Amino acid sequence: MTIDLKPSPVRLKAVAGRGQPEPSPALEQLYRGFEEELLVPLWTEIGDLMPLHPKSKAAPHLWRWDRLKALAAQAGQIVPVGRGGERRAIALANPDLGGRPFATPTLWAAIQYLMPGENAPEHRHTQHAFRFVVEGEGVWTVVNGDAVRMSRGDFLPQAGWNWHSHHNAATEPMAWIDGLDIPFSYYTESQFFEVGREQISHAEKGTPERSQSERLWGHPGLRPASATTALPATPLLAYRWSDTDRALADQLALEDEGCVATLSPGHAAVRFTNPTTGGDVLPTLRTEMHRVRAGAQTLVRREVGSSVFQVFDGGGTVTVGERTWQVARGDLFVVPSWQPFAAQASPATQLDLFRFGDAPIFEALHAHRMQIGN
Amino acid sequence: MTIDLKPSPVRLKAVAGRGQPEPSPALEQLYRGFEEELLVPLWTEIGDLMPLHPKSKAAPHLWRWDRLKALAAQAGQIVPVGRGGERRAIALANPDLGGRPFATPTLWAAIQYLMPGENAPEHRHTQHAFRFVVEGEGVWTVVNGDAVRMSRGDFLPQAGWNWHSHHNAATEPMAWIDGLDIPFSYYTESQFFEVGREQISHAEKGTPERSQSERLWGHPGLRPASATTALPATPLLAYRWSDTDRALADQLALEDEGCVATLSPGHAAVRFTNPTTGGDVLPTLRTEMHRVRAGAQTLVRREVGSSVFQVFDGGGTVTVGERTWQVARGDLFVVPSWQPFAAQASPATQLDLFRFGDAPIFEALHAHRMQIGN
Amino acid sequence: MTIDLKPSPVRLKAVAGRGQPEPSPALEQLYRGFEEELLVPLWTEIGDLMPLHPKSKAAPHLWRWDRLKALAAQAGQIVPVGRGGERRAIALANPDLGGRPFATPTLWAAIQYLMPGENAPEHRHTQHAFRFVVEGEGVWTVVNGDAVRMSRGDFLPQAGWNWHSHHNAATEPMAWIDGLDIPFSYYTESQFFEVGREQISHAEKGTPERSQSERLWGHPGLRPASATTALPATPLLAYRWSDTDRALADQLALEDEGCVATLSPGHAAVRFTNPTTGGDVLPTLRTEMHRVRAGAQTLVRREVGSSVFQVFDGGGTVTVGERTWQVARGDLFVVPSWQPFAAQASPATQLDLFRFGDAPIFEALHAHRMQIGN
Amino acid sequence: MTIDLKPSPVRLKAVAGRGQPEPSPALEQLYRGFEEELLVPLWTEIGDLMPLHPKSKAAPHLWRWDRLKALAAQAGQIVPVGRGGERRAIALANPDLGGRPFATPTLWAAIQYLMPGENAPEHRHTQHAFRFVVEGEGVWTVVNGDAVRMSRGDFLPQAGWNWHSHHNAATEPMAWIDGLDIPFSYYTESQFFEVGREQISHAEKGTPERSQSERLWGHPGLRPASATTALPATPLLAYRWSDTDRALADQLALEDEGCVATLSPGHAAVRFTNPTTGGDVLPTLRTEMHRVRAGAQTLVRREVGSSVFQVFDGGGTVTVGERTWQVARGDLFVVPSWQPFAAQASPATQLDLFRFGDAPIFEALHAHRMQIGN
C-alpha cells in the first residue's frame, strides 16, 4: 500500500480569470482533493506551460572577461585542484535561473583556470564538453592518452564518456572556457560519471604540436580508411585557430569576389563538424565561429534553444532581446530561447564571436525553428 | 552598459568537505566575488550535477484510478471546458517535483474528462501528445478535420502542431489519459501554441467507425503510394485495441510453440510505431503495451529516462526502486530515471500494462542506456 | 609480365560523322594501337553510352498468362524439380535482351509451377525475391522454418540470404510469379548462393493459416518490443490480399468522400513496405498494387528504372511507349526505363495491377527521376 | 494485340546434366514453346546466374602507363576535341568484356589528354566522375564557373549533373585519368546528358591557386554555416596532394609510435570523403589513396564489387587473382569482383596506389561483403 506521510507539495488557489472556473466552496473542495491526491489541473497552469512561443525563464546577460579572469586568478591562489572538486571551473549563473550554475536552461559555461604545474585529475562523464581558448597557452588536455595542445583560438571538443585530464606544462597560469550540456542532462536525468586514474603517465604528459587525433583526422576531406563508420561525436580533438581564421577570411574574400559564401553580407561563419557525419561536433552542442566585418552587422535571428557567445576578438555591439551591450575580447553573454539576437562590429575592427548552443537537440527531435529578419 | 539592480540569486557558503577548499576569510571573499558576478564554482555543485549515475529528483509514486476518476467527475460538475483553460485535464504531480504538474521531469500524464455533449475547443501545440483509453467510449478526437473514435484500449497519438479538439457524442461522461512531453518542452523552452476555430463544423463531428487516417494508414505493411516519404511522427491516428490485443496474444502463443517472440518468458510487449519510419510514434515519446502472463514476472530493468505506466487490465504487483504496489485497472505509476522496475502478474489473471516514456529523446542523442537483470 | 595471347576483343572503325576525327591512315594506325592495348575512345561510343536520357535496350513486351500457364503445366509433366535445377521456374526473356532470361536489364520475372506433393529444395541466395499469387493455392513457402501459406492475391517477399523451400500440400498443381533482382546482381557481380538441407522436417511442412512472421509483424503500426532495430528488408513474410484489397477500396471510398487518398482521380495504389523502416520491402525491389476504377485511367508516368506488371484482376488497356495492349488476368508486361506508361480500366470493371520495379536502387544512389503527365 | 515479327532471340538446347531434365522429344517441344513465347527456364541458366560467389566476367588486367600516354599523345595530334566527341578520352577495355570500353562491369577508366590552349566543351551528365593526376599540370577544370587547378597527386571529384569543361592554360600537353560509373549507369539505364555553352567566359578561365570550392569547403572539420545540409556528393572540388601525402605520412609515423592508425602494419590508407556526410565523395564511387611502406605488403583482401588502381608513385608487385605484375608509376590495373588482391612495395621505395571502386553501390543496397586475409 502507498503510505506517504510527507505533506503534499501541491498548492492550488482558486482565482477568477479567463479560462478559470468560478471560485466557490465546491471548487475549493475540489482543489483540496487535488492536493491530497497530488494532482494539478491544466487550466491553472496552461499559460506558463503552453505559451504561444518560448518565453525563456533565463535572462539575457553579459559577463565581463576581466572580472571573470580576476576571480579565477584569485581562486587559483586559494582553491586547490584535485579529486572530489575535480576542476577549478567557475560557471556562469544566469540571473533568472535561481542561482544555479546554468548559463541557460540547457547550457553550462565556465572559466577554468590552471596554475603552472597543476594537473586536473582524470575522469569521464556522459556530458558532452568542449574547451575554447580566448587567450593564453601552455595547457594540454589529455584524452584517452592523447595530449592535445591548447592555444588561443583553438576549439577542443570533448565527446561524452572519454577519459580526460588537463596539465599545465607552462610557467604561467592559463584560463579557458568550458562548455557543456550539464543543465540538459541534469533536467533529463541522463548523466553518468566515473573517476579515472590518480596519475596519468609521464608519456601522456608529452607536449606535442599536433595530437594523434589531428594527425589521423585533421586533413580536409580525408579520413583514415581504417575507420569508416559514422560516430555520434567527432574523433577530432582540436580545431586550430589557423584553420578557422583562414576559413572565415576566405568567406569574406569570396563575398568580395561576388560569390555566395557568407551568412549575410559582411557576416561570415563556420560550423565545427564531426568529420564522420558532417553534422555537429557533439550530439547536443552546436559550435560556430562568426566574423562580422568592420562596420557591418548581422541579420536579426531568433531560434528555438539557447546559445552562449564569447567575444574572441575585436569589438562592437550586441543586442539580445531588449538588452544591448558594447563588447570586448573575452566577454560572454547568453541568448535565451526565441530571443532575437544581432551583432554589429565596430567601425574600426571586425568582430569575431565564438558561439555554442543546443540546436542539435531540437533538430534531432524535429522541434527546431528559426526566424531570420526583423 | 549592463545595469542589474536585482539582488544576485547566487548564494555560496564555504564548508569543509572532500574536494572543498578550506574555509577561510579569503575563500569567503572569493565567494562574495562570485555572487556579485553571478558565478558558481563547479566544486560545490559537482555531487548534485554529475552523479555516478542518474539520481532522479522524482519519486516513484502511484495514483489510484478510482480516486482520479472521482475527482475528475467532481470537476466535471463545476469546471467548465472552454477557451483559455482549454481542457478539463488533471495532471499527476510527482511528490518530489515541487508541486508542478509533472509526473516525471520530462513527462505529463493527466486524466481528461468530458461530459455528454461537451466540446474541448480546437488548438494546436508543438508538444507531442497521445490519448489512451482505459475505459469508456463516446468521445471523438477531431484531428485536422478527421474524427477519431475513442474506445477502451485504443491508443491515439497526436503529433505536435496538428489542430485537434474533442467532442463527447454520447450520453455518458468519458475519461481517458493524456500523455505529453510538456515538462521536457518546458525545461528546454521549445514550445509553440495556437488557438483554433471556436467551432468545428458539424461534418467534422461525425462519428465514423474508422477515421480517415486508419483507412489510409491502418493496413499492416502497406502505405499509400501517394505518400511515401518518412514523417517525423505517425500519420496513423488510432491504434485499436483489437490489433494490440491480438499481437500480444500471438506473442504468448508463439512462445508456447517454442518461438522467440516475447521480451522474456511470459512477458509479451508491442511498441506503437510510426509506419513511415518503423520508429517510435512520436519524436519524444515511446509507447508500448505489455502483457505479463498470469503468475509470471518481468525481468528487472532500469533505463535512462522515465516512464509512466497505466494498468490496463488484470492485476498484480509492481516494484519501482524501493516501492512495491498491488495494482488494479486504471492505476498509474511512475518509474523515474535509472530506477529498477519489475512487474508480476497475479496468479489468477494476466496483467496488461500501458507504458509511455521519453526514451526516444535519449536514443536520438546517443545518450540511452539500459540494464536488464538484477 | 603481362602475357595475353588472346586476340584483342576491341574492334574500332574510323567513320566520318559528327564529333568523329577525319578518317585517315594516321587514324587507322591510332585505332590499331588502341586495339592492341585494349583501349576504346569515348568519341566513338558516347552516343550509346551517354544519351540525353535513358534509351532502354529492353523492349516493351507482353506475355499472355494462358500461354505461360500452359507451358508451365507442360513442364510440370516432364521437368522434375530438385537439387541442381532448384526450381521449376520459367523466366520472361525480353525480346531485345539477347535471349537472356531478363525481363528488363535489372529484373527477373518467372512463373513457378509445383505439382501436388512436390518440394522445391531448400537453398538461399543474396538475390532478393518475392512471390505473387495471381491464382490458386495449396503451396507453402518455408522460410527459415516458418511455413507461409500462399493464396490468391498474397504477396510474399523473400529477403536475400534466408533459407527457403516450397512444398505443395494440395491435390492440384499451383503456379505463381517469382520476381527477383537476378539481372542486377548478375551485371554487378554481387551474388552468393548456398544449398540447404535436402529435406526439411515434417514440422516445418505444417500448413498454418498464419505464419509466425505474420503473428509477430502483421499488426498495423505495431512491432514486437523484442525487435526494435531497423532491418534492411522486411521481416513480414506475407502481405495478405484481404488487407491489400481493403486498403485499395478505402482509398477509392475516401476519394469519393473528398479526401486526398489516391495517386490521381480513380487511381488507388499501395506500396508494400518494410515495417521496420517504412521503406520498400526489399533493398532493390519496389512492389505495389494498383487499382484503376472502372472507366478511369492513370496519369502518364515515366521514371528511371524498369518495372514488370501483372494484371491481377479486371481488364483494360495499357500503354508502354509506343505499344498498347488489351490485358486480362495474369498477363505480364514490362515497362523499360524512362518509357511512358499509362493504364485504363475497361468501362465494366476495375483494373488491379501488381507492379514491381527497381526504383529503390536509384533512390538509394540519388539517381531516381520521375515525370508525371504527358 | 502483340505482333512481333522478329525471330525470337531465345535459343534453348536440351542437354543432359545435373539438375537438367532428360532430353526427349517432349522436352524439345517444350523448349520450342519457350522460344516462341520468349521464355527461358531457370534450370538451364542457374549455374551462370546464381554462382556460389561472384565469378566476374571481367579479367584481371594491367595497362602500362607509357603505352597509354604514347597513344594519347598520338591522338592529341590527329583527333580534335569538340562538341559531339566531347572529350579526348581513351578508355580501358577489359579483355573479357567483349571490347566494350568498360574497365570492369561497373567502372570506366580513361586517360584524357589536352593540348596546350585546347578546351573540352561544357556539358553535364548524371554519371559521377573524377579526375586523378598522376603527372603534369596546367589544365583547369571549370565546374559551374569555378576553375579548379589540376596538379600531380590531386583528386578532383565531379558529382553528376554539374556543368564542367576543361581548358589547358599551359604550353605543354597534359594527361590525366578520368573515372566514372558509366558502365553501371549504362546497364541500369539511368543516365541523362546535356550539352552546355559552346564557350565559357574569359573570367571562368582564370587560373587561381585555390578554387572557390576549396576556399569554402577545404578546411578540416569546418563547414560554412550558410550550407549545413547533407549533400549526396561532395561540394569540395579538389583534394590536394599535399594534404593526402601528409595524412599518409602521419599514419605511418603514428604506427611507428605505437598507435593504431594504419589498415595493417606498413599499409596506410585514406578515403576521400564528402564533408557534408563523412561518407564517400560520390554516391557510386569510393576513392582512396594507399601507401605501402618500402618492403611491406598489404593483407590479402577480396570484396564484392570491382576496383581500378593506378600506381601513383614508387614500385612493387601487385597480385590480382592468379595474375601478378611488377608495377611502376602510372600503371593501371583492375581487380574484378571477389578476386583477391594484395600489393607489396619494393624493398627500396614505398608504393603509393590510387584506388577507385564501386563499393558505395553495394553498401547502399546492403549487399557488400569483404574478406580480409588468405
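Order as written gives the chain letters A, B, C and D; numbering starts at 1 within each chain.
Here, contacts are C-beta pairs under 8 Å (C-beta built on N, C-alpha and C of every residue); 3 or more make two chains touch, one makes a residue touch a chain.
A quick map from chain label to UniProt name: A, B, C, D = Cupin domain-containing protein.
What you see is a predicted model; the values in this text were computed from it and never measured.
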Set of chains adjacent to chain B and to chain C: none
- prompt: Measuring centre to centre, with centres taken as mean CA positions, what chain is farthest from chain B?
  reply: D
- request: Calculate how many whole Å lie between the centre of chain B and the centre of chain D, each centre taken as the average of the chain's C-alpha atoms.
  value: 52
Query: If you average the Cα atoms of chain A and of chain B to get two centres, how far apart are those centres in Å?
result: 29
- request: For chain B, jot down the residues that touch at least 2 other chains.
  value: none
- prompt: Taking touching chains as linked, do they make an open path (line), a single closed cycle (ring), a hub with spokes (star), an all-linked set (complete), or other?
  reply: ring
Contacting chain pairs - touch in the sense defined above: A-B, A-D, B-C, C-D
- line: Listed in rising order, chain B residues that touch chain C in their complex are 212, 215-226, 228, 230, 234, 236, 239, 243-244, 246-247, 250-251, 253-254, 257, 259-263, 269-279, 281, 288, 290
Residues of chain B touching chain A in the complex: 1-2, 4, 6, 8-11, 17-21, 24, 26-27, 29-30, 33-34, 37-43, 45-46, 49-58, 61-64, 67-68, 71, 74-75, 77-80, 82-101, 105-106, 110, 125-127, 160, 182, 184-194, 232-233, 283-284, 304-306, 323, 325-326, 336-338, 358, 360-362, 364-367, 369
